[in-house]
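Two complexes follow with subunit A in common, the first pairing it with subunit B and the second with subunit C.
This part shows the complex of A and B:
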């Protein structure tokens, strides 16, 4: 084959992928930033240029502050439960249990991660129901009636209840990541440490954590970017309410775009989400590069 | 793995075993409750949330199936199969082109693919809505399939390419001498040697397409085209008082993916480990 036709032939192989990525991933990304400078509605109506108004509005919209704060709380809780908690669970599973029992528990913990968030969120509406809900019934059973509340409708508990569902679903997923990483650690490291008299907690911090460093980092990026783009859980459980107490950036964007019909402002919110995820990705890439050197 | 703990050590670890077990119950019980309660009437769920059904109402499932779940289920199957097949095929073609290209051009394609990993679907929602509207695709299955494929391609390309890179050149040369054209080399050399990564990519894509929610509620207005995750929302609204039927619907929605997970667990774990990217 001649080099030219060969190059052309190879281009044909990558073309479908590049075309789809260009049209459905990259074009919308750029269009979204441009849309932020216009005012328009979902229908066919025209787009009116409004300069930087939408972006300026982000700065003094109190609901943006609430949403950002909620995303941040989401991120912090997720780091504690999924980056930290899941590592401890994974270490217990691999260090203390045999392959059979460890494998079974690992699969049980992972199970919610394969089930659709719609199913899980709707299931948890039964858990959180004020009358007849499982959580309130359980509290009654153990004599803690005074703690009963309408979990998703109470401004004090709504956000925590929503975040708890996300943790319930995702800890097992991250745990699975960790188990795969921890299984690579040579047994001799632990034997040597235990000969030196290091207890289990010492071993965890001086062997497990440093050896799983890369995966901890992956889990960190995964959970933090997940926390800043979260949509399904708050949308299905509370639609951002009561008031705006469980509003996050993605639900607020959806609400502004498709209910208030302020597509331009919604695009500006989407740009803010993109900026946050972009910074996180850059941190990830830069750290990976420096990690390799 | 050190399962060989001394008996004394085992006793000291009892609180940890207890904790792990309690955690397993916290995860498994709500799912078990969902299945058990899906056989109850609303009043029984309300009156006796913990017990077994006094009568097992199998008809809850028939009712859920008739009241929309069958339609959502079929739509989910169509969208999932189409998205998965297209993603794996297009990604394999792309990965194959990349390993045949000069490395400089392949690097550009690689950067384009990796960049796609950075973009969260939420960010593209509004332009995608207008784009699909302009193409006349809103309220068709394409409005889900095309974006699903585009957003899952980067991961699949990276996974498949990494395996393709490891395939020895001698095999390719031998096949070429035997008269295989480039598509033949792909079919007879690359694909058969990559079955497990192709399965992993398919499992990851299928899992995403089966569970995707945001695009499915925004791009589809017509109830008859909804997939399960979006359809469950209207199902819930229609059944606000029939809890047993609603729970039966949830169980039907969760079952296929749980069965696939148990059957293909190895590939799930491989995908989780290789990709580390959740939908």
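This part shows the complex of A and C:
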């Protein structure tokens, strides 16, 4: 048994972190859920209790369905490109390219990750611009004029265009995480595999993927929770438009809270976002743990 | 050695914690010798108004050495969001920009604004210096909360050279308008330039068409959040008219901002555009003669076709201000006649001070526009300032879809009615 003072002393060391965490993470979290039961505006102080109205409204608000679908598409594309695609790129960088070329390209791919998302989004409004935007000009140069469109204003292309920007930025970052993991795989595994006659692709699936499992898990959590909390890209590029076609949960929450002045409903949406990311993280944590040997 | 290094590290760490905390505590350093600092928040970080207000503030500080003015500014939509958060709090800016209409009303109902009544009662000459019609929109339930700086009206600006060349007359009825547009389209031109990416531009078209179409009583009744139903068939018809017009506009309107569209109009790419009177200041590069006409009367419309759409904008004082007297002095300075003249000259806006635009060295058309506003039978406020933000949001996003062919006028009104029902329930 530990002496009481020791336990007390330990608790004392934890206290500052606990206080900060409580004040800046747990208190807002709980307050937010409580706010969901009221109706109030950002400016006025008066809060009117409305029971579960805000949460019930979530169920039959068609824009919530649009936003959820968009977040889901965001997550699926992000998993394919960032969790899957970035692993392929990382394997290519570490296994196929020499250290010099690999090093240079690694920096090139990582570069977007150090630029602010706001800057990137503004940059891409020029790329996507319908009048003389880079993308449309490029299409004209290679004789694909018929593909030109107002990328961010066309209902069919807006969401895809927004998602593409996120992939462009994030692949380099996830790729860097993978490179670190792949560099720790012993070279002998690959030598043994090639002696056994395994080709590059077989080596990738039988050695690289299983060895990088831990990092794939990390990348999954990062991208999926990122996809459900995404805000900057759609907000700056389209503001959720045209109509509500590129609305995601976070932009809709912002719109409700600060534009439509429905802080209570915005809190309910925030609770929904929290619930979704919580459940997803739990599911992923549990399923990956069960796979451990 | 090791200990010294450790102590040093700890000291730096503690210092790093304290510095931001200290910065929090002393956000408003009181200047020496009794100088008072007031915060001024406006919505023009862009030119020419940014420079105009910077200059105005420095002239004010020169004349009033006992007052220092802290200026902060963010652009339109961001301004709306930010003001809603700071207004009414202890950190509210002393003097703020405000639109008239629902924006002002919301601030007033949030108990964030100072009642200017007593101050104006002591200074009747200040009240009388403004056009009366421009003061009224800043009153809520008979209480004056704000004072106007600029008057606004929305009109079709057209390229006189193109009209003359094709022998076109200025349209006064809907049929004449469509004939003119057909003629222009027949010449291979895009008749109307439009940027619908900014949703407020939709509000300007739809708001005017609604006013033309609807019975004035219905139009006014629906502005009351407790009663608004939006079930009159005139609303759907107004949207159908808008759809009709959109066939004569640039195809990529949904991807174009108002600013880009305006530049295209100035470059002569299309002969007609729906713009605000205050935008004349941007037309410096236009290589053609321009003039204006009001939205033509609409067949079967029950509204007065002589009305102009537009509303003044101005300044309010925070209720929580610690320096009411200094804030009032600053507002009075900004809105005096000399500065009204200067404002009109340097920014192209139309000052709401009586006679200021006439005295200013501005293009003749600005004087005519100002006179038009003063003479107008009545003003229709902007749609996005007339209704609750929830209704506005539904109205504008769904109409934006309608312009892209993804929604019907009936569908738009259905969404508006649903939003109106929610607003009715809440009030």
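Just so it is clear, the second predicted complex is superposed on the first by the 264 of 293 C-alpha atoms of A that agree within 3 Å, B and C clash if a C-alpha of one lies under 4 Å from a C-alpha of the other, contacts with A are read in each partner's own complex, and residues count from 1 in each chain.
The rule is short, and it goes like this: a residue touches a chain if its C-beta (ideal position, glycine included) is under 8 Å from a C-beta of that chain, and two chains touch if they have at least 3 such contacts.
Just so you know, these numbers come straight off a predicted model, no measurement behind them.
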Touched partner set for A:152, first subunit B, second subunit C, both or neither: second
First (subunit B), second (subunit C), both or neither touched by A:244: second
Which superposed partner A:176 touches (first subunit B, second subunit C, both, neither): first
First (subunit B), second (subunit C), both or neither touched by A:220: neither
Touched partner set for A:102, first subunit B, second subunit C, both or neither: first
Subunit B versus subunit C as contact partner of A:112, first or second or both or neither: first
Which superposed partner A:270 touches (first subunit B, second subunit C, both, neither): first
Comparing the two partners subunit B and subunit C, which touches a greater set of residues in subunit A: B
Which superposed partner A:23 touches (first subunit B, second subunit C, both, neither): first
Partner chain(s) touched by A:212 [first = subunit B, second = subunit C, both, neither]: neither
Set of subunit A residues, in rising order, touched by both subunit B and subunit C: 42, 131, 258
For the subunit A and subunit C complex, residues of the former touching the latter: 39, 41-45, 129-131, 150-155, 240-245, 255, 258-262
Subunit A contact footprint on subunit C (complex, rising order): 77, 80-81, 83-85, 87-88, 106-107, 109-112, 197, 199, 252, 254-256, 260, 389-390, 393, 397-398, 400-401, 404, 406-407, 426
Contact footprint of subunit A on subunit B as seen in their complex: 1-3, 5, 13, 16-17, 19-20, 23-24, 26-28, 30-31, 33-34, 37, 45-46, 49-50, 90-91, 93-94, 96-98, 100-101, 105, 109, 112-113, 115-120, 122-131, 146-147, 149-151, 153-154, 157, 182, 207, 210-211, 213-214, 218, 228-230, 232-233, 236, 243, 246-247, 250, 253-254, 257-258, 260-262, 265, 268-269, 272-273, 276-278
List of subunit A residues in touch with subunit B within their complex: 6-7, 9-14, 16-18, 20-21, 23-29, 31-32, 35, 42, 89, 92-99, 102, 105, 107-119, 122-124, 126-127, 131-132, 134, 137, 168, 170, 172-173, 176-177, 180, 183, 187, 190, 215, 218, 222, 225-226, 229, 231-232, 236, 250, 253-254, 257-258, 263, 266-267, 270-271, 273-274, 277-278, 281
